[in-house]
Amino acid sequence: MRIFENLESEVRGYIRSFPTIFNKAKGAKLTDEQGVEYIDFFAGAGTLNYGHNNEQISKALVEYIQNDGIIHGLDMATTAKKEFMQTFDSLILKPRNLEYKLQFTGPTGTNAVETALKLARLVKGRSNIVAFTNGYHGLSQGSLAVTGNNEYRDESYISRINATFMPFDGYFEDMNTLKYFRKFLEDGSSGMDLPAAVILETIQGEGGINVASKKWLQELEAICREFDILLIIDDIQVGNGRSGEFFSFEFAGINPDMVTLSKSIGGGLPMALLLFKPDLDQWKPGEHTGTFRGNNLAFVASKVSLENYWQNEDLSNAVKYKEKILKQFLEKIAQKYKNEYEIKIRGRGLAYGFEVKNDKSIASELSSYCFEEKLIIETCGSDSQVVKFLPPLVIDEELLKEGLSRFEKAVDRLFKEKKQKLKEEF
Amino acid sequence: MRIFENLESEVRGYIRSFPTIFNKAKGAKLTDEQGVEYIDFFAGAGTLNYGHNNEQISKALVEYIQNDGIIHGLDMATTAKKEFMQTFDSLILKPRNLEYKLQFTGPTGTNAVETALKLARLVKGRSNIVAFTNGYHGLSQGSLAVTGNNEYRDESYISRINATFMPFDGYFEDMNTLKYFRKFLEDGSSGMDLPAAVILETIQGEGGINVASKKWLQELEAICREFDILLIIDDIQVGNGRSGEFFSFEFAGINPDMVTLSKSIGGGLPMALLLFKPDLDQWKPGEHTGTFRGNNLAFVASKVSLENYWQNEDLSNAVKYKEKILKQFLEKIAQKYKNEYEIKIRGRGLAYGFEVKNDKSIASELSSYCFEEKLIIETCGSDSQVVKFLPPLVIDEELLKEGLSRFEKAVDRLFKEKKQKLKEEF
Amino acid sequence: MRIFENLESEVRGYIRSFPTIFNKAKGAKLTDEQGVEYIDFFAGAGTLNYGHNNEQISKALVEYIQNDGIIHGLDMATTAKKEFMQTFDSLILKPRNLEYKLQFTGPTGTNAVETALKLARLVKGRSNIVAFTNGYHGLSQGSLAVTGNNEYRDESYISRINATFMPFDGYFEDMNTLKYFRKFLEDGSSGMDLPAAVILETIQGEGGINVASKKWLQELEAICREFDILLIIDDIQVGNGRSGEFFSFEFAGINPDMVTLSKSIGGGLPMALLLFKPDLDQWKPGEHTGTFRGNNLAFVASKVSLENYWQNEDLSNAVKYKEKILKQFLEKIAQKYKNEYEIKIRGRGLAYGFEVKNDKSIASELSSYCFEEKLIIETCGSDSQVVKFLPPLVIDEELLKEGLSRFEKAVDRLFKEKKQKLKEEF
Amino acid sequence: MRIFENLESEVRGYIRSFPTIFNKAKGAKLTDEQGVEYIDFFAGAGTLNYGHNNEQISKALVEYIQNDGIIHGLDMATTAKKEFMQTFDSLILKPRNLEYKLQFTGPTGTNAVETALKLARLVKGRSNIVAFTNGYHGLSQGSLAVTGNNEYRDESYISRINATFMPFDGYFEDMNTLKYFRKFLEDGSSGMDLPAAVILETIQGEGGINVASKKWLQELEAICREFDILLIIDDIQVGNGRSGEFFSFEFAGINPDMVTLSKSIGGGLPMALLLFKPDLDQWKPGEHTGTFRGNNLAFVASKVSLENYWQNEDLSNAVKYKEKILKQFLEKIAQKYKNEYEIKIRGRGLAYGFEVKNDKSIASELSSYCFEEKLIIETCGSDSQVVKFLPPLVIDEELLKEGLSRFEKAVDRLFKEKKQKLKEEF
């Protein structure tokens, strides 16, 4: 590990939470250089919905490379890109009656977000963007302006681009947060400039697994239509099937003006995509660009993953089935400790949060204990106060249960030690 | 091609210049779906210095995938990452006496630039950044603020982040542009806030192949030291051997505070890297992050390319040798037409520009004619008035000459037609 | 009037509401060129608390001019300035146990606000300022950033300076708006950067006579102390005795870090003043400046007004006495029409609002009808939906009552006509 | 003086340079509380072109006050305002064939500038404003963005509003600075966004008495026309006759789109005015406002000053006559010391600078020595390296000469002492 300490910047993060050198991976398992196996409930922060080294994807990649397929294509036309587009159109857009134009951006989520915000401002001629409390949309300057977490917002470099934060669903007591947003829109002296767009995640992944309800999303869409505001769904972390459907907003029956996709869209490889309604396509040729927007390996991987998982309902059903297992297991733990800890379980699909309301530091401790139990799991929320369950969607039922039982072991051990320590203090 | 017109945004660019669907590639050759072969003098805008599907890289990738190596690693420690870092340190940094910390950013150039600018502002506590006329550093909001080309700067979304543009080497008549910069620094009422950093390319790739001289770079470094300003070299397009040395600034003997790398650093796969002096490493853990900063396939490809090309001087020497061929050929053409056209040839290493001073539209026409001659070549400069020669560094001498002769054919044909047209008008 | 139409910009405003040429004024009366007398319930938007051409002020001004006193002094020391400062200190600050430094800014309210915001940012090293919905602090760029009304915020010139709008007391249903503000402060991912300061009016004059309660102000002060945020009271419109006490915040027992004063502080002449706690005095000499910050005629007028009205409680008592008359009268009208109109009366001291909740256009119509009754009265609120009562503090009881009876006449006439019109429509 | 030290903020400035309490003033003379008389070569930084307590102005003010004329009128129509407008139109605009709309802004220069910049952005729909090195336009946030001096631009509060600084006439060696500006406009990749307007002083008063030539101004106007950029002349300090003509730009025969006026326009009282061409009058009623934009005392004073000084050429001729005296005298001194000091004399009308090129600290020392000689004179320039001569335009020839001889005495004494000190050091 010394090489990392010597050469890599202090900015390094996950390597501190999971201090070992990983070597191989398959499905929901990671193996380190010592051969120790870990169950992966983090899945590359949502990038590995189809698992590590998914058999079909790996096979397709190897074949493509061995055939000297185009690897890097800028935004030139390539066979791989064409086939990805056709597949995405026929398997994802058409069946959902979605008519979107595709824009390939630099292959990072933040680039897709930057692109969406630029286009929204261009089309509407307004500079303000409404984001929501605890929203996370990336850290380049444009995206940072709509990312709430102040750990990323040092005074010296915070983004002074026009953005307004509104309270997310359920943010403040029992307030109807959209009624509040509406008040700011209707009141000409609220201080909020009419926004070009709102941007949000339907499930806030980094923000603490905060789940927007169907009703709230529908009301938000109605507000957007009424006030001529574009609705941007950032589906980078919770799209690609994470919620049980391909897009996380499908359950609500809404029709966003723009959708950002990244993470698992490339089957584990770097790729990002912006979808928007055809009438918004007001770009001049080349107006927004980026070197790696034609990562053809990702197109190949993406096409294979779409073909394997989105031709039928199997994956969706599996996610819903596994969600039940996950949810019941976590609620059981919450129940077990309800006299000592106020534990909140929340989530949708295979994105779940486990929050101990009366002790914010527990989540980070649990992540460490889990690592000792050979389970990779991360925290989220503004104080890292939520344990975040984000297993590959394709995880076996058995492995899921094994992972959960490792989690329970970690919980039991930690809570026991805490009790012991408390006793000793008296 | 209709699938692209129907589904892809109007923003698409290169597909318009090179309207065919590419299928395979090898070295400096691209093949389209009809089996037509093209010589590639564009090389993924500098991403394919080691050629398409470089034999050793492809082999390593296939092997890595087949062994279930970690593909996506966030910023966790992996064997592939460790080995890349060791290789980069021992083959690139150590031999050049460079002591830098490495920061892996999202795998796009603009992300590396955003990171550099944030860190500079954080360390110095100043918001202004000095960029140069015709500089190009990317299109996310932070980078856009230091990118000069107004085709990317629509009023609705231009970045209003503190940045000042100074004239690049040779920008205005015979003015010593650094003396002018110095005057702005020394004059407390110039209106320029003391910058945290200057950022520049030593050869402006998008800006028109404008080459900074050794003397100018040294003088700039001296100014930075004198006024406590960080010197950031953006080596995304012209680093990785493009200039004949690994870093484009080596020839000047300067020691930048930060260096951004991307494009060819990943051996053709998406990767970006920020280097900075250890005393600047003032990040908090996780303060700047991004999903794809651990693209392990790129680490594998990068390691192989470093091992193959940077253990000795062979590549450097080859670049210098081919530069001569390229330069002489272009100058010969310039000479041939000197009575009708004022043609300027300039460049360094294997980055050359061919500019017809008295007719700005010729470059774009030439690019089209070259495409008909089965040569892929792009333009650059604020008015796309410069033909840009950017072949893979590993191109065979023969293929280079063949490409050049196709270029000459295109020139001859175009100029002849223009003459003919002129005649007809009288 | 034609000269105004021909020569003055379309931006002219009040001349449209009160279309006559005024010639003379005394106390609470204005006389136009035709000799018609008007009662003034507007008082220069709060500039004429001591009445037009206040006898003692006029006498002092004439004497000063005739003695060749310094008229314009930049910020040099003058006898008039010295005497103003001594008087302000002994009659206003000392008796209230307030220890403030004085800064003379350009003689407009917006300049005092700009100065306060610059100093707050300088001292705290943070860029964000929290303002409140419906707040009005001026229209130069710094002040505009904290002014809510979008009639002043065209996209082309709105201020993109860091500012966050929080809901004012009573803004949204029965929400405790400060609990909401606190939530944003406590939640590290709310998207609100820790502000350098909050700025507010205790009674929002332009915003619709929204009155902050004692409890709310105390809670706000407590929040500011807890989170190390500066508390700036903008007392430009409702200071100088308007609320019944010299400062509008005295009743709440709070101790702001900064206070802006303008309007009546100069006895009707242009003057503005910033007060701040001594430890905030971190300016360098000359760091914020302005030509007319030494308007000595205003110092003379101010000193006289302080001596005449703030040596004892008489004015305060008179304001409270007249407030009762005003309030009861307005409530009587509200009562009279309660079956047809939902009329809300609110205010403090001699700043009162009369709002017809179910018909926003009535206020402007009333202002016009009042003008016909020879009563000058303006509207406020984001939709000009509130009639604003702002008579000179020194108005005679009789004249106040006469003005009110003119208002009632206007109300009666308008409501009668509306009824008639409604009937006719059926 | 202790009252100032105790109560006034550290920001106080001129009181430090001229440490006495002034009591009375007449014409070009100031008298302090001890009865000591000073000659005033500062004239309220250009506010007192017509002298202190100008007989006719004082008389008119007293009469107006005694007649209970409207003192404060917001932007309502008043007799005094009407008469000012008629007078300004007939004596200033009409004879010069200038067709401008008048906008009365808050009575400070910075407010007029803010208004001009907002209107320019509104009309052109572009955010960038070009200002010039060493320009000074005020310190509220909008104006600060175009003010060059970094003593006013602390990182914590500097204005991050879009502005670009171009080199003023003669700024850099023998470069044609407008050719450079043109290059930035013509080059689409210069990084300068097409500006809505340029703003400049024809003689930079605070910036060091830098004088733009006729040719330069004409060329600048031509550039503005060619590129559809508004031309704003900030005539706050050097308008109102200071240059010998009413507007400082008349000599160049240019026709600015907007002109800001303040300082002497109100005859010594706070007043500011924005002039613009009728087609730019795109404000909505009330869109830009401010409490003191109807300072009727200033309208009265202004009207009297226009009637007394601008009905004929007398004042203009007197200024030109006195300019000769001033210039010759200063050049004589420069000549006297040419072996020891490189002294530069420059200026136009009665705005002159005296700069010792080889010792920047001398100007401030001279100002102190002059004060001891009972001469009030200030410095300017980014390092306060220029002594600025700005006497009232109406100063008697005799008093002018007496003031100059006091200046010479100060110079002689300072230079002698410096020589002596130098000797002692050896």
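For reference, chains read A, B, C and D in written order, and residue numbers begin at 1 within each chain.
One rule holds for everything that comes next: a contact is a pair of C-beta atoms (placed from the backbone, for glycine too) under 8 Å apart; a residue touches a chain by one contact, two chains touch by 3 or more.
All of these numbers come straight from a predicted model, not from anything done at the bench.
Taking each chain's centre as the average of its CA atoms, subunit A and subunit C sit 49 Å apart.
Centroid to centroid, with C-alpha atoms defining each point, subunit A and subunit B lie 32 Å apart.
Note: centroid distance subunit A to subunit D, computed from Cα atoms, is 58 Å. Annotation for subunit B: residues 125-127, 151, 160-161 touch two or more other chains. Because contacts link each chain to exactly two others and close back on themselves, their graph is best described as a ring.
Inter-chain contacts occur between A-B, A-C, B-D, C-D.
Those residues of subunit A that touch subunit B in the shared complex are 1, 3-4, 7-16, 18-26, 30, 33, 44-48, 52-53, 58, 61-62, 65-79, 82, 85-86, 89, 101-104, 106-111, 114, 117-118, 121-122, 124-127, 138-143, 145, 151-152, 154, 156-157, 159-161, 236, 262-263, 268-270, 274, 276, 281-292, 295, 297.
Within the complex, the subunit D residues that touch subunit B are 125-127, 131-135, 146-151, 153, 155, 158, 160-165, 167, 171-173, 175, 179-180, 183-184, 187-194, 207-208, 381-383.
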